[in-house]
Amino acid sequence: MTDSPLTSPAPSSRPSGRRANQLRDVRITRHYTKHAEGSVLVEFGDTKVICTASISERVPEFLRGRDQGWLTAEYGMLPRATNTRNDREAARGKQTGRTQEIQRLIGRALRSVFDLNKLGARTLHIDCDVIQADGGTRTASITGAFVAAHDAVTKLITAGKIAESPINEFVAAISVGVYNGQPVLDLDYDEDSQCDTDMNVVMTGAGGFVEVQGTAEGVPFTRAEMNALLDLAQSGIETLIAKQKVALELLSV
Amino acid sequence: MTDSPLTSPAPSSRPSGRRANQLRDVRITRHYTKHAEGSVLVEFGDTKVICTASISERVPEFLRGRDQGWLTAEYGMLPRATNTRNDREAARGKQTGRTQEIQRLIGRALRSVFDLNKLGARTLHIDCDVIQADGGTRTASITGAFVAAHDAVTKLITAGKIAESPINEFVAAISVGVYNGQPVLDLDYDEDSQCDTDMNVVMTGAGGFVEVQGTAEGVPFTRAEMNALLDLAQSGIETLIAKQKVALELLSV
Amino acid sequence: MTDSPLTSPAPSSRPSGRRANQLRDVRITRHYTKHAEGSVLVEFGDTKVICTASISERVPEFLRGRDQGWLTAEYGMLPRATNTRNDREAARGKQTGRTQEIQRLIGRALRSVFDLNKLGARTLHIDCDVIQADGGTRTASITGAFVAAHDAVTKLITAGKIAESPINEFVAAISVGVYNGQPVLDLDYDEDSQCDTDMNVVMTGAGGFVEVQGTAEGVPFTRAEMNALLDLAQSGIETLIAKQKVALELLSV
Amino acid sequence: MTDSPLTSPAPSSRPSGRRANQLRDVRITRHYTKHAEGSVLVEFGDTKVICTASISERVPEFLRGRDQGWLTAEYGMLPRATNTRNDREAARGKQTGRTQEIQRLIGRALRSVFDLNKLGARTLHIDCDVIQADGGTRTASITGAFVAAHDAVTKLITAGKIAESPINEFVAAISVGVYNGQPVLDLDYDEDSQCDTDMNVVMTGAGGFVEVQGTAEGVPFTRAEMNALLDLAQSGIETLIAKQKVALELLSV
Amino acid sequence: MTDSPLTSPAPSSRPSGRRANQLRDVRITRHYTKHAEGSVLVEFGDTKVICTASISERVPEFLRGRDQGWLTAEYGMLPRATNTRNDREAARGKQTGRTQEIQRLIGRALRSVFDLNKLGARTLHIDCDVIQADGGTRTASITGAFVAAHDAVTKLITAGKIAESPINEFVAAISVGVYNGQPVLDLDYDEDSQCDTDMNVVMTGAGGFVEVQGTAEGVPFTRAEMNALLDLAQSGIETLIAKQKVALELLSV
Amino acid sequence: MTDSPLTSPAPSSRPSGRRANQLRDVRITRHYTKHAEGSVLVEFGDTKVICTASISERVPEFLRGRDQGWLTAEYGMLPRATNTRNDREAARGKQTGRTQEIQRLIGRALRSVFDLNKLGARTLHIDCDVIQADGGTRTASITGAFVAAHDAVTKLITAGKIAESPINEFVAAISVGVYNGQPVLDLDYDEDSQCDTDMNVVMTGAGGFVEVQGTAEGVPFTRAEMNALLDLAQSGIETLIAKQKVALELLSV
C-alpha cells in the first residue's frame, strides 16, 4: 500500500482525490534494462524514470592519483515526456539550467550517503531519464537511482572488486507543497503547476536532512507551513525507503 | 510467430540460433506513454525503442505561407542503452554524425509515404529514443515510428482537423547482412559487430524500395549477395508490415 | 553597526572572530557605475558584487502581446575573483551549472516581490558580477540587486513610464550554516569550504520565506539545526533589509 | 573520351543532352596545391572538388599503443559553391547533418581499400572541399580523394617510412538515378533536383560493392530499376577507375 | 610585369630573390566559379584565394526598415592550404580569433569605398577562401574581393536593380615588413615567419589610408622604419590597383 | 597633472573641453582585489577596467617540455558597462570577434616586453574586465595590465621563484584620432563614435612602436594626419609610462 503511516484527519480536495499525506502509487522495478550494472524503472504514479548506474574504471581528472572514487549524475527527459513537446537538448546543443540544477541535486544526494574512499578508483555514473513526466521527476530520480546504485555496488562486491560497501545509508526524496492553502505530499503535475510553494526534500534512512529546497511560487511561505511540509516529507520518505528495501529484498512486504 | 514466410533450406549458425530468414521476436505496444498523440514501444528482440509522434500547429520557416505540413524526426539513445556507457549527447553539446545520419533516414522514410499537402500547415515530430540497444535500432525506429505517426494522424482525423489521411502507404524497415558468409535477416548486435556487409532496407506496403543502404564492413559484396539480401529484406518487411497492421487493429492475427 | 539584534550568548570560534549571529560588514553603494538605470556595489565583508538593473523596452517571446513585463537575472564572476583563477565562461563557451543555478535563484527571488503586470511590457535585466569572492556571493547578489532594481523602478516612475511601483515588498538573502557544530550566520569562504551544512535563505520584508536551500555537505542535518539556522537567517535578513532601506534613503541610520 | 563502354540503345532526353549511360567530362589534376602530401582537383563536369591527403604522425586516442594507422575524411563546401549562398559552417558553429553523412561515407569508402596495419602508427587525413557544385560532389570527392591518398602513400614509400603499400585496390564512386522514368548515369544538379531516385554507388577496382545508398525522392523504386541503376553504376565506375589509373600514370591513355 | 614602379637602389637578400620593392607575380582571374555574382581567383605568388561576392535581397536585423544596404565578409582557409594541416574550423565548431580578425578587416576595407545607401536594401556577402597559403592571404583577399564586388555591382546595374554604382573608389591591400633589417614589400611565408615587423596596409585608389596595422614581432619598430614601410606599401598598392583595373578591362595593359 | 608635455597651439572643440593633446584623468590603483598576484583598477576618465595578473605553474601544450613561460590575455566587459546593455558573452556561448581581437592585442602588447625564457615554465594570465566603458578600453587595459603583470613578477622574484625579471621594458597604449578634422589624443566615447579615423598605438618605454592600428571610419586618412596622430600618441604614452612608474613607486610624483 502506498499511504504514509500518518493518519490524515480530513478529506483533501486534491485533483487526484488523494489525502494530503498520501503518496502516489510508487513502483520500483529492478533489472529494467539489460546492459547497466544497475537499472531501475521508478514510477511515482504517472511519472516514470529509467535510472541506471554504470561503473567505469576511471576517475575524473581532479581525482587522478588518489585512491578514491567518484559518483556523478546526469538527467534528461525524452522530448515528449511532457504534455507539450520540449526541444531535444542534444539537438539544441545544450542542457537547460533546469536540467543542470536537477542533475547536480541528484549527484549531491547520492554522494551524501557514499563513502567514496571505499569505492576505489572508479566512477559510478548515474543516468536518470524521464520517459513520462507528471510532477516529481527529480525526487523519483533520486529514489530510483539509489536502488540502481545499490545494485551496481552489489555487483562490485560480488565480483570481488571492493571488499566493503561504500553505501553508508539509504537515501530518498519527495516533494511537498502548499496547494490550495493546504500542505500536501508528493505533488503531481496538476498540483505542481498551481501550488504556492514547492519543496523538495532529500533525507537519509536515519532521518537526517540532505537537501531542503523550498520555493515560493506565489505568496511567500511561513515557518508554520514549512514545519508542516517537513513533517509530511519525513513521513513520505520513511515510506519510500521501506519500498526501496522491499525492492532490494532487504525487507519483506 | 515471428518467422518470415520464406522456407529456410538449411539450419543457420547464427549466435541466437535463429534461421537465416528469421526475424527476432517483434512486439509493437501502442499508447506506451500518455502525453504524445502517438506513442509506441517497439521491440525487435532486445532492441527497445520508444517512438512518439507529436503534432504542433506550426511549420518550419521554409514552409511559411504555404498550406503544407512537415514531418521531421529526431533520434537518441539513453547513455546506457548499450553495453558500455556512451557520453550523453546533450551534455557533450552535440549530436554525433551517426545520430544525425539515423534521424535523417527516419525522416525521409516516413515522409516517403506522407502526402504533406493533406497534413495541413502543421508539423509531425517523430522522436525515437532507444532505451535498450541490441542491433537494428534504426530499423526498429522506422517500423515503430510509422505506427505512432498513424495514431497521431487518426487523432487529427477524429478531431476533424483534417478530412483525409495524408498516409499513402505503410512503411517499415529491416537490416540484413552477410554473417559468416551467409546472408541473414535482422542482425542483432553480435552479428552486426562482426558481419562483412550490413544493409538497411526501407520498403513500402506495396513493395517499393524507399531506401537501400548497404555497406561492406570487411570484404566488398557481390551482386549475388546483394540480391540475396534484398530477397531476405523483402520477406522480413512483409512480416513487419503485417505486424504493424495487427497492432493498429487493421488486420486480425 | 553590523550586528544582528539577537544577543549571542557565548563567544564563537569563527575564523573571523565574529559571533555566531554576526553579519560581516555590509556596505551598499548606489550609483556605482554610470550607464545602468540601477547600479549598486554590494559588499558583504570581502565579497564584492556589482549589481546593475537595466531596462529594455521589450519582453521575451513567451510574453509577446500581453501587457506584462519580465525580470531576468544573469550572474558571473571575474576569472580571478577567487583564490585560484577560474576559466572565463565566455571563453569556454558555456556557463557552468553553478552559474545557471545561481542566476535562476536571483531571478526567482526578485520576481517574488514584483507585480510584473505593473511593470508594463518591458524587461528588467539584473546583472550580478562578482569582482571579489569570499563566500556568500549569491546572497550578496540578491541583496544588492534588489536595491539596483528599486532604483531602476524609481527612474521609470519619475519618467512617467509607469504610474505605480511594481515592487510589493523588500527582499534580501543570507547564508547560514553549521560550522564546527555551531549554527552561524553569513558564512565567509573559510567557513563555507569547511562547514557541514550550508543554507541560503531568501526572505521578504514582511518575513515570508521565498527560498530555503539547505545542503548537507558532510553529515546530514537535523530538524533542530534547521530551526536554529532559520532563526539566524531571519535575524540577519531583518538587518539586511534595514540596510537596504538606509541605502535607499527610506530609513535614516 | 568520357563515354562509358556500354552502347546506349536510344537517345536520351537529359538536360545536358548526354546519353543515359554517359558520364560528364571527368578530369583529375594531381599536384593541384603545393603543401599536401597528395593534392588533386577532381572535376565531374561543373562539379569541382579539391581533395588533399595529409599525413600526420599520430593516431586517434582509440588506437594508441597499437601499431596501426587510421584514415579519416572531412568534407566542406565553399559558401558560394552552389547556386544560392549557404551559411558558412565554421561561422554557424557546426557542420550540417548532410556534411557529416558525406564525410563519414568518404572515410568508409577509402578505408575499405586500405590495410591500416600497413600504414603504421600514423593518420591519413582526407579533406574534400567543393569549390563549385553541380551534383555528385560526394562521388567526385571519393574518386578524387583516392588519387590524393595514392600520392600520399607513394611519398611514404619513397621516404622509406613504410615498406609496402597499404592500398589493396582502387576505389571510385558514381551517382545514378531515375530521371524522367529513365535510369541515367552521373546526375548533374538539374537531374538530381528533379529525379525520383538517387543512388550513390562505391565500388572497387575488382568490381566489389563497398557502398550502395539509394533513396526514393518521389515514388519508390523497383527491383528492376535498382538492377538497371547498378548496371549503369558498374560501367561508370570502370571508366572512372581507368581515369584514376591514367592520372596516376599507371595506364596510358 | 609585376615590379612596382619604384627603382630599387640595391640588390636584396630576400629568400625569393625579389628586390625589396618587388611584388610577387600577381594574377586576378575573374569568373572563376560559375554561381556567384562575382567570382575571382586572386594569386599573389603561391598564395591563392577564391573571392566571391554574393547578392542577397535582405539586410541584417539592425538595418531593417531603412533603405540601405550592407556588405559583410567571411574568410576561411582549407585545412591543408598551409604547410601543416590545420583543424577544420567547421569541425571544431568555431572560428579562430585570427579568422575573425581577418574577416572583420576585409569587411571594413570594402565598406570604406562603398556608399551603402546606393546599394539599396540588399547585402553583398564577400567570401574569401584560401586554397593555398604562402603569406599575405588577407591582403590578397581584399585585393581580389574588390574585383569580385565590382563584378557583382555591375550585375546589379545591368539588371536595372540600382541606378548608380555604390563604389566610390578602388581599394587594395598589401603587406610590408622589416626582414633582416630591411623594409620589404609583399612578404611571402618565409619572410613573414621570420620578420621583425609585419604591417598590413589598405589604401584607396586616391591614395588615402583605410587601414594601417603594424605589429612588432621581435624588436619594436621606429618612426623611420614605419615611414619606409608606408612608402613601399603606397607604391605596391598603386601597382595592385592598376592590375585590378586591367582585370576589370577599365585599363589596357 | 594629466596634460602631455607638448604645448597645444589652439583651444580645441572637443566635447569634453580637453585640449587636442590632453589625456583624460588617468588613475592606476594597485592591489584592487585581494586574490590575484597583480590586481589593478585603471581609469582613463570614465573608462574603468580591472586588470589582474594570475600566475599558474603550467604552460600550454605547445610549450611542454621547454623551459619557457607564456603570457596570455583575456578581455571582457560587464553587460552594462556600456550605454545600452550588451548580451553576456558567457550566456551567448561565444566571445565576439571584437573581444577576441582586443584580447589578442593585449597579449601581443605585453609579450613584446617580456623575455619568456626568464619567466620559467609558468603562465601569466592577464584578465582585463571593463566595469565601465567610455572609449579607449583596450588602451586602458594594456596600460593597467602592464602594472598588474609587474606586480605579479615582483611576487615571483620575492618568492625566489625566478632570479631575474623577465620584463625588458615598460609598455603602454593610447588611442588617437581625427575628430572634427583635428587630430586629438585619447578619444572618449563621444569622440570615438563620431571620429573619421581611430588609431590605437602601443609603445615601449624606450619609444619603440609595438603596434599601430589605424582605421578610417569615414574618409581615408593622409600621411600628414598619420604623422600628427603618431606625434600625439608618442607624447601621450610618455605620460602614461610616467604614471605607471609613479604607481609602481619607481618614480616619485
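What to note about this one:
Letters A, B, C, D, E and F mark the chains in the order given here, with residues in each chain numbered from 1 onward.
Following the convention adopted for this analysis, contacts are C-beta pairs under 8 Å (C-beta built on N, C-alpha and C of every residue); 3 or more make two chains touch, one makes a residue touch a chain.
Keep in mind that what you see is a predicted model, and the values were worked out from it rather than measured.
The chains that touch both chain B and chain D are none; no such chain exists. Because chain A and chain C share one sequence, their contact can be compared position by position; here over half of the interface residue numbers appear on both sides. Ranking every chain by how far its Cα centroid lies from the centroid of chain F, the top place goes to B.
One simple way to say how far apart two chains are is to compare their mean CA positions; for chain D and chain F this gives 52 Å. Note on chain placement: the centre of chain C and the centre of chain F lie 34 Å apart, centres being C-alpha means. The centroid of the Cα atoms in chain A and the matching centroid in chain E are 61 Å apart. Residue positions 93-94 of chain A are each in touch with at least two other chains. A ring topology is adopted by the chain contact network, closed into one cycle in which each chain touches exactly two others. Around the ring, the chains sit in the order A, B, D, E, F, C, counting from chain A and moving first to chain B.
Contacts from chain A toward chain B in the complex involve residues 33-36, 39, 46, 48, 50, 52, 54, 56, 74, 76, 78-83, 85, 88-91, 93-95, 99, 125, 127, 129, 131-133.
Touching chain E in their complex are the following residues of chain F: 94, 97-98, 100-101, 103-104, 108, 112, 199, 203-204, 206, 208-216, 219-223, 226, 230.
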